[in-house]
Every structure is written in C-alpha cells, then in structure tokens.
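Naming follows writing order (A, B, C and D), and every chain is counted from residue 1.
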Amino acid sequence: MSIVAGCDVGSLTAKAVIMKNGKIIGSHIIKSKPRPKDSADAALEGALSAAGVSKADIAYCIGTGYGREKIDFVNEVVSEITCHGKGARWMLPTAETVIDIGGQDCKTMKLDKDGNVDRFAANDKCASGTGRFLEVMAKVLHIDIDELGKLSAKAKNPITLASTCTVWAQADVIKYINSGVSIEDIGAGVNTAMAVRVAILVNAVKPEGDIFMTGGVAKNIGVLETLEKLIGKRIKRSRKADPQMAGAIGAALLSMEKIDGSGNNRLK
Amino acid sequence: MRPEIEEYHYDWLMGNTLKASAILPLGTKKETELAYRYVPYYKNVVKSFIDAGDPGVQTLVMLAKYYENILTAKARGKKIAATTFCNSPVILYAMDIVPVTFEILTAVGAMVWKRGMFDYMDFCCEVGMPETSCSSQRGALGAVLAGLCEQIDMIICDTPGVCDTNANAFAFASAYMDKPFFQLNYPSSIGDNRSQQYHIDDYKEMIKFAEQHSGNKLDYDRLAQVLAEVDKQDAMIADLEDMLMLKPTPVPPLFNLALYAGRFCFSGHPQYTTLLESMVASAKQNAEAGISGLKNREEKLRVFMCYIDHYTVDVNFYNYLEERGIVHVGSILTRNFRDNTPYAKEMPGSTYGVDTSTPEAMLDTIAQMNARLPMVRSIRGPYDKKGMWLEESLVCAKMYQADCLIYNGTPGCRNTWGMVKPFARDIEKHGYPCHIMYDDAFDDRVESWEATRERLDEFFKIRGLL
Amino acid sequence: MTVFHDAATRVECDSIARWKKDGKPVVGYTCSYTPAEIFYAVDILPVRLRGIETDGMEVGDSYFGPFICSFPKCILQLAGKGRFSFLDGAIITPGCDGMRRLDECWRKAGEDFEGIVPDYFYYFDVPHKSENHGMAWYIEEINQLIKSVEDHFNVNITNEKLQAAIREFNKGRRLLNEIERLRCEKDVVVSGTDVFAAAVAGTVMPRDEYTAELKKWVSALKKRKTSLSEGKHRVMLVGSISDEIDLFELIENTQKALIVGENLCFGIRYEGNEIAEDGDPIEALAGHYLGSSVCPRMYGKYKERLAMLKERIGQSRAEGVIMQNIRFCDLHGAENALFERDLEAMGIPCLRVEREYGPHIDIGRMKLRINAFLERIEGRKKANKGDGDET
Amino acid sequence: MKVAGCDIGSLTAKAVIMENGNIISQAVMRAKARPSESAIDVMQMALDKANLARDDIGYIVGTGYGREQIPFVDQVESEISCHAKGAWRIMPSVRMIIDIGGQDAKATRLDDSGNVARYIYNDKCASGTGRFLEIMGEALEVPLEKLGELAAKSMEKLSISNQCVIFAETEVVSLVNEGKETADILNALHHSLAKRVASLARSIDVRQDVVMTGGVAKNAGVFSALSEALGLPLKALDGVDPQIMGALGAALYAEEKVQERQKAL
C-alpha cells in the first residue's frame, strides 16, 4: 500500500502527517513562518524524517489551511473545513458534529454518514472567537498558552469579559490585573468568553450525535469544559492523535481515498 | 443556550422574583434586612429601590404587577401583543390587550440578574439575529423565541422610520414565529400638517389591525377613561419636571428610571398614577425642605443623559450618581411632550394635547401622543433639523441647568451611532462638555461596569466638572 | 462589455466624464427607492452613489460612529476626498439608518472640507409602507422632489418628458430580462460577473448609450455557444447591498461555480418589472419604486420575499445560495438567517457570511468559506449519485 | 526639592525624576505582569541612574493604566492630563496632542491656557495602537525599532483596510503570500494606522500645533504618515523622549503640588 501525506498550513501553525495503511507513521508541527511555502516545506521535512521516508515515497499529497494555495509540493488542495471533518471522523469514528477552533477561525460542521461536511457555520464576526484571542490574552497575563486552559478549574470567582472584541477585552483584562483580581479568575473569564462565542456558533447548527473538537484550542481544557456546560452536551475525547493535527490527517485521508479508494469514512 | 436556563419559564421566574422583592419591605426593617440574606443575587438591586423610599417600593410593586398581568393574561382570556418601548401601551389597555414590551423585560433582566440577559441575547444570535443588532430587544426576544415566555398573539411595532434595528427585531420575530405583524411608520418630519395627518391615518390602521387580531372592538368610553388617566399622569409628570429644574433638585436620580419605566409599563393605567403620586409627594417634601434629592444631600454636578441610561446589574449607574453627588436631570426617555410642559413651549410643533370630546378627537390625541414618544419624536429625522435631537438636547440642557451631556446607548444603535460624533461636536460648540460612552446599556460584557465607571470619572475630572 | 466594466469599476467612469464635458448636470442618489427617471427626463444624469475605490476610512470614521455599515462610510470617504466633485446634486434617502445619517455626516464633513457638498442636496423621505397613505406620502414626495429639481436646475419636468424617460429605462429593463432568461438555460453562456457589471453600469450610464450597448451585447450573447455552466455548480448570490464586481469574480474564479442569479440591491432585481408607459407617470413611478420593492427595509414582507427567491432559484436551477451581509447591516443579516432556515429545510444548501464592504474584501476568509461550500455541494451531488448506483 | 512621575502603561513603565524644573533622571522598561512590580522596578531604575533613594523624592504622582496599583505614589492623574501637561511645558504653542501608546490612541485638544478642551479615545474595533504595529512586526519578523526605517524604503503603494488587529494580520499574511515586499506592507500598515488616528483627531476638530506623544511617536514612519493623513505638519517635541511624556506630566503635577505647599507655608 502506498504512502500518502497531508499538509495543513494554518495561520499560526503548520502541520504535516504521513500515513501508510491508514496509520500515521510520521507527523510534525511547527509555528508558521511569514511565507507559507517555507512553513509547508519545514513541516513536511519534519514529518518525513519522523516517518523515515523521503519525499519521493509519497504517492499523493493534499494541502489545506490558509496557506494551501502556496504549497508547491501538493497534488491538490481542499478546504480545511472538509479536511477537519475527515480527520475528526477518523479520530472519533462516531463523530457527527465537529468544532474546529484554530488561530484565525472557528467553525462548526455536521458530518453526513460518509464523513462529508453537510452543514457548517463559521465565525465571521470577530476575532474574539479564535485561538489568536487566547494567545493575546495569555500574553497580557504573562503565562504560557498551555497554562491558560488549566486556570478555569482553579478560579474561584471568574470575571465576565467583553467577549465582543479582542482589543477591548484586552483593555478590560489589563484593568482587572491592575485592580488585583487573581490570574486564575481572569484566565477563567477569558476561557469562558471564548466558549460563549463558540457556543453560539455550535448551537446555530443544532449539534447532534457525538461531538468532537479539533484545532489547537481543543487542547485548552478550560474552553472545552465550559463549552460542554454551555451546550449541555459532552464533547468526546480521542487519544488517537493530537486534535491540532486533524486537518492534516484529514488531508492525508483524502489523499488515500484519491489513490486507492480506501480511507473510507463511513459512520461506524 | 445553557440547558439549565431552558428549564425556567422566563416571565414566571422574573415575575416571582419581583413579587417577592415587592413584599420584602412590608416587614419591619429588621425583617427586611434579614430577608436580604436569602436573596444574595438580587439583594443589591432590591435594596437600591427600597432605600429610595416609597416611590422605590412602588416601582417594584408596579414591575411585579406588570409581570403578573402577562402571566395571568391567558387565564383571563386576553390576547398578548409584543411591542416596543417607543409605542405607548395606552391603546392596548384601552382595547384590553396585554402588552409585552421587549425593552422593559430586557432592562429588568439586566438589572436583576447576575448573569444579566446574556443567555437570551446569545440565543437570538444562535437562531440568526445579527449580534450587532440592538441588545435592548435581543434580550427579551431571545426568551420569547426560545419559547420561555407567554405565547405572543400579535406584534405591533412603531419604529420604521425611526430605528431600523428595532423595527427589524420585531419583523424578525414575526417571521420566525409566524405571528401577525403591524408597523406604524413615521416620516422624517414632525409638526407639519402632512405628517400630522400621516400619524392619524397610520394609527387608525393600527387600531383596525388590533381589533382584528384581538377580537375586541375599540370602546371609546373606555378610551376616554384611559385618556383621562393620561391627563392626570401628564400633570404629575409636569410637576416632577418642574421640580427637576430646581437647584438643588429634590428629585433623586432613580426617579428618572421609575418615571419612564412607569410610562412604558402602565401609561394610562392607575398603577402608574399611584407611582407618580408617590414620587411627586416624596420630591415635594424635599422641595419644601429645600434639600437635594440625593442621599447625601449634596449636589455637585448636574448631568443630562442625552440618550438612554445604563441598566446593567444592580442599578450600578444610579448608585454611582448618588455616590458622586451627581444629579440626573433626565434622558431622552424621561421627557414628555405634553403641550403644557415648559421646555416643550420652546419647541412649537413638538407637543400633543389631550382632547376627549369626540371619538375622532380621541384618535387624533392618541396618534399625536404616540408620535411624540421618546426616539419617535426626536431621532426620526436629521439630528440638526428643527425639533430634532440637537435642539431638544440643548433646550433641555439649558432649562435643567445641566453642566454636561452624556451619551450612552448600545453598539446596536445604528441610528445614533451614525451621528453622535457630529452631534457631540455641536453640543461642545454650545459650551457643554459632552462624553460619549462606548458601552452597552444592557450588556456589560461589551465594556465592564468597572471600565465604564473609570471612563466617567476620568471625564468628570479632566473636564474639571468634579 | 468593456464599457460596462469601466462604468462598474470606476467612480468617475468615461460615460460620466463625457456627459460632464457636454456641460450637463449630474445628480447622485443613494438607494434604489429614488426614481431616477425624473432626472433623466430633463437631461440630468442620475448616478447611483457607490463606495468603490476607497483606500482608507479616515473621513468616513471621523463622522460616522464605529458601529456603522461600511457602505455609507465609503461613500462619505469618497465625498470627503473630493471624488464626487462631478456631482451637481445629491439625493439622500432614509433607505436604512446608516444611509440616512449620510445626510448629516456629509453636510457636517462639508464644514471641514470645502466644496464637498453639492449645491443641490436633498433629503427624499421614502416611507416604510406601500399601502394607502404610505403610497400617498411617496407620491407627494415625488411631486415635491420634482418641484425642487425644477426650481434648482431651472427645468420643466412634464408628464411627456417623464413618459419618454420611462420608455427609455424600460428598454434597458427588457434587455436585462432577456439576459436573465439566458441565465436560466441548462447551458449558460454568460458569467455572473459580466451580467452584474452590466447591471451596475445601468445605474451610472446615460440611458440611451446604455440601451444601445446592452442591445449589442444581448444579440452577441444570443449567438454564443460555449457553455460556461458545464461542470460548474450553479449558485445565487443574495443579501446586503453590493456593487462589487470583485466579489463576483472571487466566487467565479474558483472555477467551480457560476453565478446564475442574484438578489442584491444593485443588480437585476429592481429592473425586473417594467413601469407602465401610459397613464399618470408619477403614479406609475411610485407603483414601481415603492410598490414592487423587495428590500427588507419595508419590514414584515418576509414571506413575499422568500417566495420570490424560491421562484428565482427554481428558474435559474441554482444548486446553492450564497448569502452575504455587510457587518452592521441588521436588515439583511436577520433576513439571511430566515432564508437559510427555510431554504435548508427545502434541501437547498445555503452559505451565510458576514463581511466588510470596501476595497479588500477579506479574500482569504471568503475563499475558504466559498470553497468549503462548493465542496459541500459537490459531496452532496456525489452522495446522491452513489446512492442511486446502489439501488 | 526632587519630585517624580511614574507612568505604568499597558506595555511599558516609565519614570521621570525632576528637580527645579529639570529632568534629572528617566527610565523606560517593559511592563511586568503586576503593575506594582513594574512601578517599583522602573522607579528604582530611575533612582539608580541619579544615585538617589526613594526618600530623596518629595512627592510622586502616578499615571497610566496601572496608576491605581502603584504602591508609593502620593497622587494619581489620568494619562490625558499628564500628556497634556508634559507637552504644554515643552511647547506652549501646542493645541493638540496625539498620544499613541500600546493599548490605545488618544487625541486631546488644549485651549489657549493649556487646559484640556476635549479628548477622545480610539473607537472600539480600531487598530490605531502600538500593539497593532507590534503584532504586525512580529508577523513580518521585523524588530520594533526598525519598522519606521524599513517602511521608508517602500516603493509600491499598498492598502490595508481591515480595522481589526487580528484580521488585519490575515490581510498582511495574504499580501506576503502575493509576494509583496515587506517594506511596502509596513508602509501600508503605517498609513492605515495613521489614517485611523487622524479620524479620531478630526472628530474633535484639529487645531495647530499638533504634536505626537507616546511610544509610537518614536516611529518615524507613523510620524510622517500622520502628518500626511492630517494634511498638516506635525511638530516634534525637541529634546525629550515622547514615550516619557506621561511620566513627565506626572512629575510636573508633583512639582506643582510641592510649590503649592511651599506657598502655603
């Protein structure tokens, strides 16, 4: 069976996945560089060396993400909405509703029985429903982005935040810091503001069946758990892979479908 | 929407909360203090009202009655009409239809609830209302669309020509729930024969619509009674307005809120008369003693809110004014354009009179009255045209001896945000410092109250006002 | 076609320049409720005001507040930069709140920037209802407008002149309708971008010149054989006001979609019905502009608009509908949500996006949504076929 | 007597020490998580430079976002007042001050006696801040100090229209993708920021002379773009770092207070 690849060049991170026989044999994630082409090359390079194969071994490669049009080694490009849907179904074979929050965008999609995206809604309103919002806030709080999620559980009296605008939320956060509110309470407020915004989008597509979350923000446990409360449903976890890789995985699966019709994604 | 929120019938929840708070002061002072402990979440707001004395308590009673009226409507075989605060409920009371005014429900929720109306506002966005639309409708509308309120039978709105986002919210509600819809429409001018006639023609059609969908015929005797009550109320409002002009003014800031809340809830209804009587009596007492209506009795500054007030949790805004010794000389919502009020005399064509001699005269009265409700009157046309926002604000500022003007609204207010910058510039040219608040009167997630307060303090300090 | 593209993509296009050179006046207007025939009847060129070609918002933002749709802001920006210096007059209507505040903002900007307010500046008060007294009000508004134009420009607007103008405009309307019929064919020979450019051009070009150009183009189109719709998804574009050719291009440049119809404020929707050529011309104009309007500003007419959209979707065989609204445009934002709910329930895929009006439409974000939407339509087609094979 | 001003901003902390109307020491540093920490550190820096101890300072005024958290100040004043006072002292012909800091932009108009006549902050959803340039600098991998310099090398005119910091970043990314030169993109960013700020100033009526204060004033690219957007020459405040204007104003408030006290004695 052939080796395939998927490459997802996002606004904040670039990811590449190499698959063989429906299994991941190598993957790599890096912070995006100014030129998407460079990001793609570096991510693929990393994944190739992790898998111990060379570029020539790749039978087919699909590119996705914001920078998809600029990747020169791919055979085809597909939008990340479709790819995240595919990837999510692979990671959680029962997934029907997928929430993907990346750096610039937040989307919710419903999958049909074949793992194709049936309906989706994307956040156009404002950057405050995106991973970038969390990053800006983490910076203001002088903490690491992986720390932010954990604050929710530690908060005693979370603040309510201007969830409508990153710029103004930032001003508010600074005010709270200045008035001596604990970092935990502020962090929890930040995560909640984000979750509220995402919940509106999720509820707009009327979630059904198993829900799964992809994209970097899926790793923020505070957002995830608050979101569960807001939509009143559990979001399923999967240990199969890093949810941030879902787009790249989806792209690789589509590559596989392309060459041998496998990668079948029927709802199990 | 959070699943636990969906468990509660909104009107019922709010109605009972208000009912409970309205009976709190019936006990002894000590009992009341004790009872506060059991209502940690709305203690502050209830306390603010109760501390305002009998008028405050009357306001609570009135709000409780308003909800009771809604909650018992179906059992009493009455129809419910959703409407907006720019539309006077007078005609609905005269026709025995129960009004549900979205903005009142939203404001009450925002004041009383710790989480404000956020969940309902967001629910509106979930079903597709733009989140940039006005929050004053979005709150209550969310609860209605989620089916957490008494079923509405028809929708009557009067903001086409005045405010898009408002009219649009009602049009959306009607399409979403498939309910009969009527819009009163206002041209951009006021006071000339042509627009006067338009108001009357339009109003008559509205009555036809209400008759058709409620099954009740307009009873002119009853209308005469209601208008007589309005007449009484107008006289008392004029008294309050007179006292507001005194320096120091004997009228506490919170009375402004009560004044217009009463008009929106119960104009032409004895319930509002009771509230007004209580307010007038209380203010008169202060006036006779020559003291300020502020709690600490020291008037430091007089502010005219050229638009609306701020309503989020615990009536923070009014308490802030009290704390800082600031007098509130009214907002666009407090003004009543009855022909005998002094400020109205400076603005010919802007007023209405009450004439109950014939059915036709009554219809004219009520149509003209409706055309002079807040917003409908002053922001329908270009702000600098005769009788519009600028003129009104300047006349009021002068008459009530305001030291400065403050604009507060909601980001959803397309209408005023479209012109507030040039407006503020013009106001400043007339020598009044003018502050534009960038928050949302009903949603403190847009700007936290702390931040809002800081900006206010900064304004007062930098402009040498406090 | 080039003349249409020129007219559609430049504020002061060649046709306007030529008209000005002849020393004839030009009047701008902002909303499709303004009866342009009134001006054309007396050799004044009516030009629909647009916000293209802005490259900043410093003037727009100085007067308008932050929560206002970028379309009127762009118009103010152009005005402030003197780009509308060719105007001899401007008509402001209370189309929507943002647009009606253009009245104050433009006049106030005129206090700071000399000479940017045309000598003739008129507020045309269009009502929000078309029945009875609403219609009567509008007719009176038209009469007053006519009187005021006569006084200012020293002209005489007679019924005969009005009827002649109506006849000229109708010619264009009929031709555009012919194009609409071509777009309903199985094989469509014309791109949405071109049709839209032609429609937009109609709002700025002198009408006789326009009719002549359109006539040539339509007969050329009728001879065309190559299908542009083959292998592409047929979509409709609806929602907030748009005169942006690049928005159409963005969609059609995916090479996967062809726009076969639109319901946009610039565009063919208003050209649809012709105006009665006999009888009282003022009543005829009023009946057309106010009576058969399809803008959500009229409130409470959602069902009619949905029915119209459904019909258009059916006729044009559209496979999906792209709904856009400019941020802070509540009217279309809310209506799009209702359309989406009802059309999806009928099995018609919909995409709802919010965006900014202006020079750089958010290309990356828009493209992603459009591509994903086309992939969705594609997936659905495949699935339908697949299921068919099994049985 | 020595007095001091301490300005704790969103991105930087600044301190100025004065004696007899002259600046004898000044310090600027990156803000820490806690404003109180920043305040203590930046004050110490300034004291160290002048070889002084805290007790040598007679009166300290605090300003900036974190002003309420500074543990050692005798009085606080808003940034608007402080920037106004600072600029007025240095150039009495000033009638308008445009202060662009990390968190927001403000325009302040003064009357003929140096009092604040009107002021305005950047609107919601606006990107006229130093943070905007920083984020963009990061995305383009250009250090802050080099932004203006590089922008000056621009050859092609581009435009960036998005108001939102976050979405403007996407726009920048797509310009990079199109192969546009970094200098041209930067230049466009500077102009976009300048235009936004110009509209702020214009909405409260521009009066000459106009000066620029705050950290972003150090960026020559913004300085010239703003002159262009306003259509009038911006004046430079000679001899002082515009970034310390707030702290300077605060110190001047302190000086006034001390003089008042001395008079009273």
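Operating definition for what follows: a contact is a pair of C-beta atoms (placed from the backbone, for glycine too) under 8 Å apart; a residue touches a chain by one contact, two chains touch by 3 or more.
If you're wondering where the values come from, they're calculated on a predicted model, not measured in any experiment.
Student: Under the document's definition of touching, what chains do chain A and chain C have as common neighbours?
Tutor: Neighbours common to chain A and chain C are B, D.
Student: Comparing centres built from CA atoms, which chain ends up most distant from chain D?
Tutor: Between chain D and the rest, the longest centre separation is with C.
Student: Roughly how far is chain A from chain D, going centre to centre by Cα mean, in whole Å?
Tutor: 37
Student: Nearest whole angstrom, what separates the Cα centre of chain A from the Cα centre of chain B?
Tutor: 45
Student: Can you give the whole-Å distance between the Cα centres of chain B and chain D?
Tutor: Centre separation, chain B to chain D: 41 Å.
Student: Mind pulling the chain C residues that touch 2 or more other chains?
Tutor: Chain C, residues with two or more chain partners: 62-63, 65-67, 327, 354, 364-365.
Student: Please output the residue numbers of chain D that touch at least 2 other chains, ranges allowed.
Tutor: Where chain D meets two or more other chains at a single residue, that happens at 123-126, 167, 170, 173, 203.
Student: Mark out which residues of chain A touch at least two other chains, giving numbers and ranges.
Tutor: 66, 104, 125, 164, 168, 171, 175, 179
Student: Testing understanding: with touching defined as stated, what is the shape of the graph linking the protein chains, line, ring, star, complete or other?
Tutor: Chain contacts: complete, every pair touches.
Student: Name, in rising order, each residue of chain C that touches chain B in their complex.
Tutor: Residues of chain C touching chain B: 62-69, 72, 94, 96-98, 100-101, 103-105, 108, 123, 125, 127-129, 132-134, 137, 140, 296-297, 299-300, 302-303, 325, 327-331, 333-338, 340-341, 354.
Student: For the complex, which residues does chain A have touching chain D?
Tutor: 11, 34-36, 66-67, 69-70, 104, 126-127, 130, 132-133, 136, 141-142, 164-168, 170-171, 174-175, 177-180, 183
Student: Which residues of chain D touch chain C once you look at their complex with the stated criterion?
Tutor: That would be residues 123-126, 159-163, 167, 170-171, 173-174, 191-192, 195-196, 198-200, 202-203, 229 of chain D.
Student: Which residues, counting only chain B, touch chain A once they are in their complex?
Tutor: For this pair, the touching residues of chain B are 1-4, 115, 118, 122-123, 125-128, 131-132, 411, 444-448, 450-451, 454.
Student: Can you check the complex and tell me which residues of chain D touch chain B?
Tutor: 78, 80-81, 115-116, 118-121, 123-124, 203-205
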